[in-house]
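Below you'll find a set of structures to go through.
Paired with chain B in one complex and with chain C in the other, chain A is shared by the two complexes that follow.
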Partner chain A sequence: MNSRIRAGLIGGIFGLLISLVSGGQIAYLAGIIAGAIASQLAAQEEDVASVRAGIQLGLRAGLVAGALTALGVFIRGFLINPLVNVSADASVVFMLGLGGLVMAGVAGVVFGAIRGLPSPQNRFGTLLAFGLLAVAYPFLDSLLNLRFMNEVIPVLIFILMALGLNIVVGYAGLLDLGYAAFFAIGAYTTGMLASPHFGISMPFWIVIWIAAAVAALFGILLGAPTLPLRGDYLAIVTLGFGEIVPIAANNLDNVTISILGVTLLENFDLTGGPRGINPINRPSLFGYAFEPSQPIPWYFLILGLIVFSIFFILRLRNSRLGRAWSAMREDELAASAMGINLVRTKLLAFAMGATFSGFAGAFYGSFISAITPASFGFDVSVILLCMVILGGLGNITGVILGGLIIQFADRLFLPQLGDVVQGLLQNSNIEVLKEINFKTDFRTMLFGLTLVIMMLVRPEGLVPNERRRRELHADDEATAHERQTLYDAEQA
Partner chain B sequence: MASEAVGSNFQKRVIPWRTIARVALVVFFVLFLAVPLFNILVQMVTNPQLLLRQLLIGLTNGAYIALIALGYTLVYGIVELINFAHGEVYMIGAFFSLTLVGLFSLSDETPYATRIPLMLLILVLTMLATALLNAAIERFAYRRLRNAPRLAPLISAIGVSFVLQNVGLLWGYLRFPAFNGVMGSNAVAPKSYPQLIPNDNLLAPLEGVFGEAFRLRFTTKDLVVIVVSATLLIALYTFVQRTKIGKAMRATAQDRDASALMGIDVNRTITLAFLLGGALAGAAGMLVGMYNGTVVYTLGFTAGLRSFTAAVLGGIGNILGAMLGGLLIGLISALSDQYISTEWTNAVVFGILVIILVLRPNGLLGEDVQQKA
Partner chain C sequence: MTNAPVLELKNVHTYYGNIHALKGVSLTVGKGEVVTLIGSNGAGKSTTLRTISGLLKPRQGEVLLEGERIDQVPAHKIVERGVLQSPEGRRIFPRLTVKDNLLMGAFTRSDKAEIEQDLERVYGLFPRLKERVAQRGGTLSGGEQQMLAIGRAMMGRPRVLLLDEPSMGLAPVLVEQIFNIIREINSQGITILLVEQNALMALGVANRGYVLQTGQIVLSDDAKALAANEMVQKAYLGIE
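Presenting the complex of A and B:
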């Protein structure tokens, strides 16, 4: 199959699914996303020599993707909507489909053209284009009347954490199944330092750093006992820490410490117990107070945090420490023989990973303004692991893409699918199916299947890190090489 | 002189992993645990009757934990994989048996003449179902990853456990009379398991003879759980130690390649390990369902955690070790339920797991095996 058409089809699947389950004005956004993905994928497959070639490539891939998006709009408008008794105006549906197609084409052309620029402008331009899209999103949202802003912010919080987990799992190769613990620690630090709980109200801009530092400290504390462990034993121990932290948060609401009859603390409420800490102060900037009803400032705050983190992580990856991490991941013994201090390198991996989770926790605490131990369970750690593995371990682009897909599927696709199915079943008499709550009842299935299928089919993730891809397919390449040498020998 | 300098430099580079880890653990211990542990010890000594009562509960818990732990140990011994989904197989076993109970419309009013054979039939069917389920999981989710990097099958196993947990959740939508739980009829609610075994105290006469101090509790339910578990454990141990297939399993656990060269079908042996582990988990699921009287879809995680800890405590890969570990973990969690609090028990078990892995990764009965990365 032609690589452009294939890229277009892959991008188009996103567009199709988005427009199929959501319907309405989101078709335009679906078109942009589908076109951008298709164009990027196509440009990855073949070299783009000039802007002109890029436009051609992007246009074709974008149009294929747009066609699929339009198909999604039509299926939704003409087949599903009548079934669920939503009146659909044929001309409106037609316009939406056409709009999706045009948007996909335009996005394809723009991204293709940027890829056609000489290096390094093409990389810079691609970043800029995605950056602009991210900055423009809130305005698109209100323009198209999508009302996704309150969903998008938690998505970004999870992406920030996935970036941190990527340091531990992707760069240093330490499978951490208890990463949510650091999220909890960050959130609880914020809760204690900026709320009426202890009557302390430090400003958010200071608390977020303290939260990150406390999380990093716990990263080192929890990392130290696990130093001799490797592989699956390490995974299980981190899982243990991930469980102990919420249990502790749940039960440390009535702390009494007495040594030899001397009572140091009596019935001290440290964490608020199962009720958690509520409310937590919200940040304010130069007198402007962040309000829950105004999501746009929150959006830019978390976006800023993510951009800062990406910059920091990229610098970290290319630093001496980052190279030490990958050396340690490949072979601990060899790395230590080369003079890498394994203790320091491992502990710093845990600490750095925890730092970003601490940021995310601090932001989460002040955004939600109420934290309970229940929101930091094992499932959070597994969702994050899913995001990192789906996108591609050790690759920031991959982690962000994986995060977007998983979170989109979890927060938007499943509920929408539920609405559609419930609508379809309205007139049937299958009682059991009607009771199923799609929003919650297929979540774990979704994450579980993602993990299993990715491991079986594409363990390196959607956008793999080059080195890891080679590692995982070392056998294939070795056999190819052997075949080649055999062939040479026969020829000779 | 120069060589000495090099030598001392080299000395510096040796990394004291275990020392660092041990120091960290000691710090944790002194900071958080020493004082409460002392208080608990005082409580135990001052009230031996309560202690004895908890130990009896722990014995029953230990019996079923040992059953599940064997599944972890059998599989780990042969393929070196933590079968993360094993706890969920146990949960599915509990649901499966409850469904059969519903289908046969068993209840606490069914006469014993029909109730006991049917219960045995359900036990066998459940064991068969979970055995097949466990083998199917191996076939579809792990086999292709046998030569992949070590974390790949572990991640796949986590995925399977999530899928199974979701299956348990959806199972709750079934509308059997048996599924109309005491806690409401929605899918998430715990399902009530009919009381198929009487709950009468076998140790009640002791109190009459020896007085108040011997007010202990050991019911028919406890007896059944312990007898069935012990029978299965002995059967399994005999199977692995005495039969030719068991010998093949032990050989495969020791060296997969060499045993393949000796004409052992490695794939079949691995499947057998999963079948056996699954069957024991299914039996445990039914026993616990009857013992506790409820079945919830989140049952698997805690049980899996405790059993895995038990397997590691006894020395993973070691069958007797898993039984011993199961018993110990059962006792410890019963004591923790009483003297600390039910909510902390999971944390206690995890703490024990961490301590064993760090201080004695080969467990109590494990041989000195190198940990593979």
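Presenting the complex of A and C:
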């Protein structure tokens, strides 16, 4: 199959699923997403020599993706909606489908053209285009009347954390199953320093740094006992820490400490227990107060935190410490033989990873304004790990993409799919089917199924390093026959 | 011995848990020498090198580098002092490129220009590595991996180079080549402690040699004399 058509089909699947399940004006956005993905994938397959070639390639892939998106719109509008008794105006559905197709084509052309630019500009341009899309999202959201802003912000909080976890798991190769603990520590630090709980009201812009520092400190404290451990043993110990932190938060609402008969603390409420801490103060900037009813400033705040973090993480990766992480990940003994201080390198991985979770926790606490121990359970750690692994360990683009897919699937797509299927079941004439509660019974299963399928189809993650892999394969072939003649003793 | 030892082991005892692997090993390596440590499987050769490079701590005895004790110094500090090891089984970084593997050898250094020079020096010793700079270490052939492991240790500007079975698993042509390179490295003024199964070749390049048997030094002499020794000939050279 032609690689452009294949790229178009893959991008189109996203467009089709989104427009089919969500319905309505999201078709335009679905078209943009499908077109962009298709165009990127197509450009990955072949070298794009010029802007002109890029436009051609992007148009082809984008239109294929757009056609699938339109198909999704039509299935939803003409087949599903009548079944669940939603009236559908044929001309409106038709216009939506056309809109999806056009947007996919436009997105395909734009991204294709950028890929056709000469070498440094094309990467920068691609980054800029995705950045602009991220900046434009709130306006698209209100333009298309999507009302997803309150879902998008938590998604971004998780992406920020996944970026931090990627340092620990992807860069340093330390399997951490209790990463949510640092999220909790960041959030609780914020709760204690900026709420009526202790009557302290430090400004958010200071608290967020303290939260990150405290999280980093706990990263070191929790990392220290795991130093001699590796692989599965390490995973189990971190799992334990992940459990201890929320349990401690749950129980530290009545602390009494007495030493030698001197009572230092009596019935001291440190964490608020199961009720947690609320209300946590919200940030304000130059007199502007962030409000829960106004999601846009929050959106840009978390987006800014993510951009800052990516910048910082890229610097880290290319630093001496980053090189020490990759050596340690590959072979601890050899790394040590190269003069790498394993203790320091490991502890800094935990500390740096925790820092970003601390940022995320501080933001989360202020955004939600009420934190309870229940929000920081094992499920958070697991979903973050899924995000990191699905996208491609150690690859920032991959982590963001994997994170977006998993988070949107979990928060928006699967619930909406549940609604659609539930509607179909309710409107069927078969009694047994009406009794099934699809939304609650099947959502987790579908989520698990999605993960299993993804990992089977692409075990190396969504964004593997294509270029490098091709290089490797070429080299394999070139050396194969040389090896037979030169190193025969080894093969015997 | 003609000059003061660069490296000296005095009555070193090393354990793996309860296993007493080195039972009082003493040896010296002089400046600019090639000294070889021969012995059969499980004699404790690798354990000796690991003890010198700080990966294992001796329970008793001393390791001295230019007269200073290093037996309680952490491994990464010993590397900083110029003792580099090409470990048994190569242990290159499989997913890093050849060049990144080599640069990892220079981890403790920050002199960019000189690192670049040393890179060229290593490519001079091992032209095959230069052809494969962008290839991942894990996809190199066994012989190339061995070259990479030696080259990587060279990138640390060693004063003492510890080589653990550099000829393991190589075809005769390549074994010859590796030993020539060892000679060349030594001629650049680098002191070498060489652990080998291939006693014949090892004694060919070495100035002196030690024979290790179940954790103890049983013989030490000039390389030529060792090669002529009846017991060595029987046990390690396969000469009846």
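Operating definition for what follows: the second predicted complex is superposed on the first by the 432 of 492 C-alpha atoms of A that agree within 3 Å, B and C clash if a C-alpha of one lies under 4 Å from a C-alpha of the other, contacts with A are read in each partner's own complex, and residues count from 1 in each chain.
Assume a contact is a pair of C-beta atoms (placed from the backbone, for glycine too) under 8 Å apart; a residue touches a chain by one contact, two chains touch by 3 or more.
Computed from a predicted structure; not experimentally measured.
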First, second, both or neither for A:Ser336, with chain B first and chain C second: both
Contacts of A:Ser326 with chain B and chain C, given as first, second, both or neither: second
Chain B versus chain C as contact partner of A:Ala235, first or second or both or neither: first
Partner chain(s) touched by A:Ser39 [first = chain B, second = chain C, both, neither]: neither
Touching partner for A:Met445 - first (chain B), second (chain C), both, neither: first
Intersection of the chain A residues that touch chain B with those that touch chain C: 336, 339, 341-342, 471-472, 475
Parts of chain A lying in touch with chain C, wherever the complex brings them together: 320, 323-324, 326-327, 330-331, 333-342, 468, 471-472, 475-476, 479, 483, 486-490
Complex contact set, residues of chain A against chain B: 175, 177, 221, 224-233, 235-237, 240-241, 243-244, 247-248, 250-251, 257-259, 332, 336, 339, 341-343, 378, 382, 385, 389, 431-432, 435-436, 441-445, 447-453, 455-456, 459, 471-472, 475
In the complex with chain A, residue positions of chain B that touch it: 13, 15, 17-18, 20-21, 24-25, 28, 35, 81-82, 141, 144-145, 147-156, 158-167, 169-170, 173-175, 186-187, 301, 305, 308, 341, 343-344, 346-347, 350-351, 353-354, 357-358, 361, 371-373
In the complex, chain C residues that touch chain A: 53, 55, 74-76, 79-80, 84-85, 87, 91-96, 100, 103-105, 107-108, 132, 134-136, 139, 141-143, 152, 156, 169-174
